[in-house]
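You will see two complexes here that share chain A, one where it goes with chain B and one where it goes with chain C.
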Partner chain A sequence: MSEYYVCTGCALLCDDIEVETENGKVKTVHAACRKGVARMKGCIDSLECTVDGEKTDVESAIAKAAEILGEAANPLIFGHGNSSSEAQKLSIALAKKVGAYLDDTSSFCQGPIIEAILQEKLKTCTLDDIRHKADVIIFWGADPSNSHPRHLSRYSYFPRGKERQRGWEEDRTAICVDVRKSETAIICGDNRFYKIPMGEDAEFMDALVSALSSKVPKTSFGFDAKKILELANVLKKAKFGVICVGLGLIYSLKDLEPLFRLMDKLNEVSDFNIMPMVGQYNMRGFNQNLYEETGCINRVKYSPESGEAEHGPEFSVVEALRNKTVDAALIIGSDPLSSLPLSVSRYLAEIPLISIDPCRNLTSSRSNVTIPCALGGVEYGGTAVRMDGVDVELKKIIDTDNLPDVEILKKITEAI
Partner chain B sequence: MANVMEIYQLLPKTNCKECGKSTCMAFAVDLLARKVSVNDCPPLVNDAKYKAGYEKLSEMIAPVGEVTETGLIVHEDKCIGCGNCVVACPVDVANDPLGAGSGKAPTSDKVIFKVEDGVVKARNVQECRRFGENKILCVACIDTCPTKAIEFV
Partner chain C sequence: MGFGQFLASPEIKLKVVTYRDVFQNTAQETSRFGEEYERSSAVIKLDLKDIAKLTIKDGETVIVKNSSGKVVVTAMKSDYEESHAGIAYMVNSPWSNSLVPDETGGTGVPKFKDFEVTVQGAKGEKVTGISEIF
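Right after this comes the complex of A and B.
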């Protein structure tokens, strides 16, 4: 028990996990949170290899999948958040080959923030910088106590760092801005919790910008101006601040302009960075891989003839399904039938559907072809990109008969 | 966390001494410290008019399998394994500054808290600051728990 493994439960990719195995199965996981343990112990209900509901071998399922993708005029390839970077690159190549719509969960998740960070419109830092330096941490529309349980204990609030030797009570201030009193808000305390009405984040940001400019902040929802001024004072005094942006903030903003204004102002008076609270363990990896390839992070359609990538909101998974412009779909490590509204995702069940996943889920139960793959970070290795953009090497813990998704995608591409 | 007055209000308050204690208040104090169980009060269990109180108390005084010597209870059903207590505990920081104190998995055997299978486990409780001659009312692990899974009785 001396080797450390990486947990793939969320995009924190904690690399201090010790694992005890027994009879080729994970028996005890040390140091990982409940979310990580659930992932590392594997599926309760493993996926079987099927074609049209009949059990079959992997080779014939791959051949059928290749046939479906080859025949489709506008296939959709979606998922990727739970795949290694190697698999994501193959997926991009496959999409190019068959002229597919290519998207991932960032399209309705952290996409806008990651895009702004990759285009260097927002200042960012690494999680280790936060641990060593951050003294003011804002959780805006985020509840890491539930989404990333070890965020506060490993990086942002409780640990001692090089410039933060005295711990959270004296050296750090955690602030929570949210529409409800989340568990993270409870830890931040009543004095440091700013409860705002739903959808008013942009207005609160602008009020904060005026407070930072020493003007009296005004909000239409009558937020106590004194409290905003007090917050502005804390932010002004920060030596190294960070805003952890959660989905609550992203869904509330029509565009990122208010956030840009706030960050510009904060960096005038102090030093502030953005940290996207990415959910799936390698979503940022997909965004970066596609960005290197095409210059956009998601919502891409490859032209079947030229192989050129087009980018636009109409190529997002939601719009493609709503407009019924796709005629087959390959889902890798995701469950859009559960995560998207049924009015949009219902169309998936009407078209030839291929699922590659370690576990059974709603999407795989409606799929024409299901191919079980090895569980990333547990049954096969690879690389993944942490939420702050740092590459992390994943290690294999136990053996499996299932092929990793890299191999499956390679074989599908070869068969087309 | 329940307090002694809340418990007392739900007891019969007749000082019948059937439980062996001299007063209902004494029973309430022992119940809070988990020295006795709700079922040790015969009127509460047998008399129909105290049924509501019995049910409320059974809910309030969650049964605990193992209370450590310092009275530390970890409610495993509530714990999410975030490790806040592991990193916040001053004893853990002092004994393992580069492991637990820096947010990483504990590297020393002297730490009090360790997360195992997603749930925190308490060990080495004799090291706890609430224990021994110079005990103080440290609340670092309770205050930092987002789900209120740690309790001292």
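Right after this comes the complex of A and C.
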């Protein structure tokens, strides 16, 4: 019988991956998408262990990292989406110990949706529920054909499920609401693609609520009312509906109230769930781990004296860097110099900076200390949380000389 | 050398929407410093009408700038059937992020998918390399 591994290319955490190895390296990856294959084969720019640009041993780099964090008055610890839950818990403890700002990428992406789900303000389901039951699937500001390539084939559209034996041809309706005709919109088809102007998602949602209430929907941008009424009819008849929420929707909403209104109405007339289209493989794990510890999913600042966590936008990675309120930073499995606006992230290069990552990236190239770590799901195992909140065990495939981030964080904490 | 080189290239204002691309994401997994990552990232997709206004050809480089930054990227004609003149698409990357303004209104969330830029033909200038971005 084949042995299956988990792909850590995104938060779908596909667990049906077969791998062939040769000379201690991943040679062939079966079943994963192209992004997953590239993730599991590893990068060609391995990170080296350095202090101030000079190669060194890992113990010296850990000692220097501990010195930087120990001396900083307001350090920032950021990243976590590509770390196991075990490493995330150690990072939370380290932040508490040194009185750090602690944040992850959910702070500027899926955070509000995950928070609402954990606070039970939004009804949700698992990906397996979608595969087996969903008959109406809305991709709103989401393009899984590019961001989560196996979402449609494994769960949301193409597979036959227990209650969806006739598959996509007859049993499922996929709908796309977006500002551009994405690859996913093309799969949904012209009749099921609702192209709306930039920033008008909230208004379109309220028009849809009107249509679901049997009122004539109106929009300031003149969207065809007939088309909205027709969409409302499809949604009303859904036996098991789901809205897959992408960044396009999240960035367009000032707050989640329009989504709450739409979900309330949909669940009055039908049965609908929310699926957050989480990117990094264990972003949700970090949100859940921090939520258990502090009641907040991200954006906290620990008091060095009391160990209490304060929470608010001012403690977000973006505001902390914009306002230059942090004086050192530890980045774990992330590249904020690539993923944040340069106007914000530029400040990172002005403060003592530590990078823990398997690969070289823009942030590591500006770091005073770089510590290579094992690649999660390939060179070490651990636990992660899928986008739908399901725990997944990762398995090690090959050996490495690099320590896993969980070990590096343990050693840094001990050294402070 | 023709007289045309002394004329300023037309400059137009556009709104930018960023998006994800699986090919670029794959290249990123392999190497953030590789040619494939630059080739798939340093791109702006334009409507045919905007390409005509800029008096450039598909595949030529353009200067994209605003008060946050400036990059030279490859202009490509968008493959969308419907016209989207005035709106350009850039894949989420360090090139697009060098143009995202830092204003957040204190929310902690920059406008990654909605910002303004001016675009101008780069007259054969090379694409900005990843190490030149910072």
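Here is the rule we go by: the second predicted complex is superposed on the first by the 415 of 416 C-alpha atoms of A that agree within 3 Å, B and C clash if a C-alpha of one lies under 4 Å from a C-alpha of the other, contacts with A are read in each partner's own complex, and residues count from 1 in each chain.
In this section, a contact is a pair of C-beta atoms (placed from the backbone, for glycine too) under 8 Å apart; a residue touches a chain by one contact, two chains touch by 3 or more.
Remember, predicted model here, so these are calculated numbers, not experimental data.
Colleague: Since both structures carry chain A, what do chain B and chain C do when superposed there: clash or fit?
Modeller: fit
Colleague: Can you report the vertex angle at chain A, computed from the C-alpha centres of the three chains with chain B and chain C as the arms, to the nearest 10 degrees?
Modeller: Superposed on A, the angle at chain A reads 60 degrees.
Colleague: Counting residues of chain A touched by each partner, does chain B or chain C come out ahead?
Modeller: Of the two chains, more chain A residues are contacted by C.
Colleague: Considering only touches as defined above, state whether A:Lys181 meets chain B (first), chain C (second), both or neither.
Modeller: The answer is second: A:Lys181 touches chain C but not chain B.
Colleague: Now for A:Pro149: first (chain B), second (chain C), both, or neither, which partner does it touch?
Modeller: Both: A:Pro149 reaches chain B and chain C.
Colleague: Could you look at A:Phe158 and tell me whether it touches chain B, chain C, both or neither (first, second, both, neither)?
Modeller: After superposing on A, A:Phe158 lies in contact with chain B but is clear of chain C.
Colleague: Check whether A:Ser316 is in contact with chain B, with chain C, with both or with neither, and answer first, second, both or neither.
Modeller: second
Colleague: First (chain B), second (chain C), both or neither: which does A:Cys33 touch?
Modeller: After superposing on A, A:Cys33 lies in contact with both chain B and chain C.
Colleague: Quick check on the superposed pair: does A:Leu212 touch chain B, chain C, both, or neither? Answer first, second, both or neither.
Modeller: Touch status of A:Leu212: no partner.
Colleague: Considering the aligned complexes, could you tell me the closest Cα pair distance between chain B and chain C in angstrom?
Modeller: So the smallest C-alpha to C-alpha spacing between these two chains is 7 Å.
Colleague: Please write out, lowest number first, the residues of chain A touched by both chain B and chain C across the two complexes.
Modeller: Looking at chain A, the two contact sets intersect at 33-35, 37-38, 145-146, 149.
Colleague: Quick check on the complex: what are the chain A residues that touch chain C?
Modeller: Residue positions touching the partner: 9, 33-35, 37-39, 41, 43-45, 107-108, 143, 145-147, 149, 179-182, 195, 198-199, 247-248, 251-252, 299, 313-314, 316-319, 322, 335, 337-346, 349, 359-362, 365-366.
Colleague: Please name which positions on chain A make contact with chain B in the complex.
Modeller: Listed in rising order, the residues of chain A that touch chain B are 4, 16-18, 28-38, 131, 145-146, 149-150, 152-155, 158-161, 167-168, 183-184, 186-187.
Colleague: Show me the residue ranges of chain B that touch chain A in the complex, using the header's touch definition.
Modeller: Against chain A, the touching part of chain B is residues 79-84, 86-88, 93, 97, 101-106, 114-119, 144, 146-147.
Colleague: Any idea which chain C residues touch chain A in the complex?
Modeller: That would be residues 15, 17, 19-23, 25-27, 29-34, 68-69, 80-82, 84, 87, 89, 92-94, 97-98, 100-102, 104, 106-114, 130-131, 133-134 of chain C.
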